[in-house]
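Working notes, beginning with the structure itself.
Chain nomenclature is as follows: A, B and C, assigned in order of appearance, with residue numbering initiated at 1 for each chain independently.
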Amino acid sequence: MKQRRKVTVVASAFFIVSLVASALLLHRSDQLRPQATLDEVLYLNSPKILKRASLGYDGLLADIYWTRAVQYFGGRHYDHAQSYNLLYPLLDITTHLDPQLVVAYQFGASFLAPAPPGGAGQPEQAIQLMEYGIQNNPDNWKLYYDLGFVYYMNLKDYRKAADAFDRGSKVPNAHPFLRLLAAQMAEHAGEFDTARMMWSATYQNSQDKLIRQNAVEHLRALRVDEDVTRLQAGVTRFGERTGRLPASISELASAERLPGIPVDPDGHSYKLTADGRVEVRVPDDFPFATKGIPPGYKPQPKFHEQE
Amino acid sequence: MPAIEILGLEKTYRVGFWRKRPKCALSPLHLTVEDGEIFGFLGPNGAGKTTTLKLLLGLVFPTAGSARLLGRDWTDPEVKAQIGFLPEQPYFYDHLTAHELLNYYAQLSGVAAKERSRRVEATLQRVGLPDVKGVQLRKFSKGMLQRVGIAQAILHDPKLVFFDEPMSGLDPMGRREVRDLMEQLKHEGKTVFFSTHILSDAEALCDRVAIIHKGELRGVGAVADLTSSVQSKVEVIWQGTHVPPSMKALGAECHVTGDTVRAVIDESQQDAAIDALRRERLRLIAITPVRTSLEAYFVEKLRRVETTAGGKL
Amino acid sequence: MNARIVHIAANTFREAVRDRVLYNLIAFAVLLSGAAILVGQISIEIEKLVVINLGLTAVSLFGIVIAIFIGIGLVSKEIEKRTLYTVLSRPVRRWEFIVGKFFGLAGTLVVNTFFMAIGVFAALFYVAHKFVRADALILVALYFIVLEFLIICSLALLFSSFSSPLLSAVFAFSLFVIGSFAEDLRGFAGMAHGFTRWLVTGAAYLVPNFSAFNIVSSIAHEQPVAAQLIWHNTLYSFFYAAMALSGAVLIFERRNLK
């Protein structure tokens, strides 16, 4: 049996070496073609062809493309990318393969429309996606909501937003607040309240982790914006009354008869700069805040790490 | 130096899907085959003949034991250059011609390139397939395939040849030819080890035989010795159709054919039988010794085991 | 070079060819010419694209099917039908048999691909009326397809060494499909937690990964191919096939033949 043992040893050695080598090569290939399978979608001119080519397994293929879309966006987002040009094609393919995959539309609403690095900066594409979604799921009120959301938040087109909410409110079993939103659009009154209502609705209407996180960050930013606006108005009032700027936040607080030192959603107190600006202590914690950020500061979007 | 030495080769399979039960295909076998003899390996179907062959050729691995072929360890690949094997009901590459097949085998057996086509031609002639150039094997009849099988076994002039049921698929002419071929091989100094369940062939050809049943060796020896150890019988023929009770009492098997009765009895009871017939006034026609065949030996060996509980010889 | 391996390979090739495997080329030629003629009549500007996409996809698919069925047929069947007895009763080592079969199969596929490649270029010439430098990229794509075949052949042999013909075909085909989605498998692994993550990551490295091999779409758009990628794929294919073949040898060395 000596020959057999020799062959066994040699073959086992080959096996192990080859296994390790191929695994290492695979590992390295990540640097070579990081988006090998994804780049393909740019060359697929028509999702319809893909649907036919999938030989009836479009559901499975849709799931695969959906997974790729999420990973694509998540990965790039984590790296603070400035462009997400494959996101729309991926979502387009996903939804063509499975037009009832509602989460894909919602994902598009949240992440296609906003400007980079929070999103792809393609609100028109987002609208297109939502309309396609509505066409294929006419009884899903959430899609009308998302459509209106994009018009309101990203395009500031209040008339079209009102229109979308209105259409949605007519759907059986629609959430009653759609009618309310439609009305509010018409007046675009109480912007903070509207925005808060909408982000809360987005949070509640989705199970997707990224969409929810995004909504939470926006809600926090809203709080900051609100607080800073109010406090800044207080600074102005103080100045008008006393002819100078408050020396500190606590002076402002007592002048305004506030219950305590005002704090941001993380519990840190706001600070007052020498030139009378109310600011947050850690601007990085509030990537979407438009007020209370030092001038010229570029917020780095920092989502909580995906596990 | 013996051509084959089997030293306790044993094979146990584990059958069953969940709990593997052991099934013994071959009990430890000890057997020696001398150089230059024709050795018959006999046994009913499923006795373990093919298992033994497959063990010797390294197609199956033994649970225990070893063997030596032509003086070398049976797992030595080089020893196979000196061995030929004809499996039972051989099957070959459908789409090759006989020439291509044999040429391929010659290559694998290490026959020198310039020798090959000559050898192939010669062997095909020898096995009785002179005109098969260009015909694919899938067009061959069973008998022709059998001849091709024999051809590939002897093509490279091996010193030791294994045949598993070499006569199967052949008509009587073909069987005669194969028997002649095996005799020739012996004259060329080769050792032939063949397994069969056709006893008449073994009887005619073999120097020695072994009998195997249910994985166990039941008997080994020269054909002449084995048949003579069995009690000889005589056949008594008398006129008429009457079988007297006294004949039956002798334990005779009686057959009535036409107007004569034939009975086979032990030689020792010959006198008693003659007396019985005279008493009955039956006319004796003939008493002839019956040459015991290997078949009888065979059957007896098998039967003794069946009747003796778990008996070994 | 071990002479026995060469003889086994040559015989395997001959058996495959006689088994009318090359007739698939006729079907391929018919398909491709039909498509080329049709495309030449319908649309402008993308005929070349269609011919390249369709042609290379067909080469790939036909080849995979052949690789699996011939591979299984020539090895598993040989084991089942006992042609192997007369081969292994000769001074042939079991590992030589596996390696020889592999080269025979690979050779068959390379020859097959060669003829198909001629077909593709012919169809291309028909619709485009001339060749440009970028068309050389088609050769690279074909080379990658052949590398895929080598991997599939080695897997077919691996399964044949212990499994029945039908099961081997099923396993080999499944691994081909999984291998095409291997990148997604790695993506899934990244999203899983705990033990599942280890399991899926292990699987993702163990299955063949064809994602880097499929450049059909990009070369149809005349995207260049990095030399590093060619090198990488060659090495990966070599090592993966070596791994599968070593596995086949390890198993086959021990197999009791029925």
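Please note the rule applied: a residue touches a chain if its C-beta (ideal position, glycine included) is under 8 Å from a C-beta of that chain, and two chains touch if they have at least 3 such contacts.
Everything numeric here is computed off the predicted structure, so don't read it as measured data.
Novice: Any chains in contact with both chain A and chain C?
Specialist: B
Novice: Count the C-beta pairs in contact for A-B and for B-C, then report the pair with the higher count.
Specialist: B-C
Novice: Would you identify the chain whose Cα-based centre sits farthest away from the centre of chain C?
Specialist: Ranked by distance of C-alpha centres from chain C, the top chain is B.
Novice: Taking each chain's centre as the average of its Cα atoms, which chain lies closest to the overall Cα centroid?
Specialist: The most central chain here turns out to be C.
Novice: Measure off the straight-line distance from the CA centroid of chain A to the CA centroid of chain C, and report it in whole Å.
Specialist: Using C-alpha averages as centres, the distance is 42 Å.
Novice: Could you state the distance in Å from the CA-based centre of chain A to that of chain B?
Specialist: The computed centroid separation for chain A versus chain B comes out at 84 Å.
Novice: From the mean C-alpha coordinate of chain B to that of chain C, what's the distance rounded to whole Å?
Specialist: 48
Novice: Residues touching two or more other chains, restricted to chain C: which are they?
Specialist: 93, in rising order.
Novice: Which residues belonging to chain B are in contact with no fewer than two other chains?
Specialist: 77
Novice: Can you list every residue of chain A that touches 2 or more other chains, as numbers and ranges?
Specialist: 3-4
Novice: Tell me, which parts of chain A touch chain C in their complex?
Specialist: Answer in residue numbers: 3-4, 7-8, 11-12, 14-15, 17-19, 21-23, 25-26, 28-29, 32-33, 36-37, 39-40, 43-44, 64, 67-68, 71, 307.
Novice: For chain B, which residues count as touching chain A in their complex?
Specialist: 75-77
Novice: Over in the complex, which chain C residues touch chain A? Could you list them?
Specialist: For chain C paired with chain A, touching residues are 93-95, 181, 183-184, 187-188, 190-191, 193, 205-206, 209, 211-212, 214, 217-218, 220-221, 226, 228-229, 232, 235-236, 239-240, 242-243, 245-247, 249-250, 253.
Novice: Contact residues on chain C for chain B in the complex?
Specialist: 3-4, 7-8, 11, 14-15, 18-19, 81-93, 254, 256-257
Novice: What part of chain B is in contact with chain C in the complex they form?
Specialist: Residue positions touching the partner: 54, 57-61, 77-78, 80-81, 83-85, 87, 90-96, 100, 104-105, 107-110, 136, 149, 152, 162.
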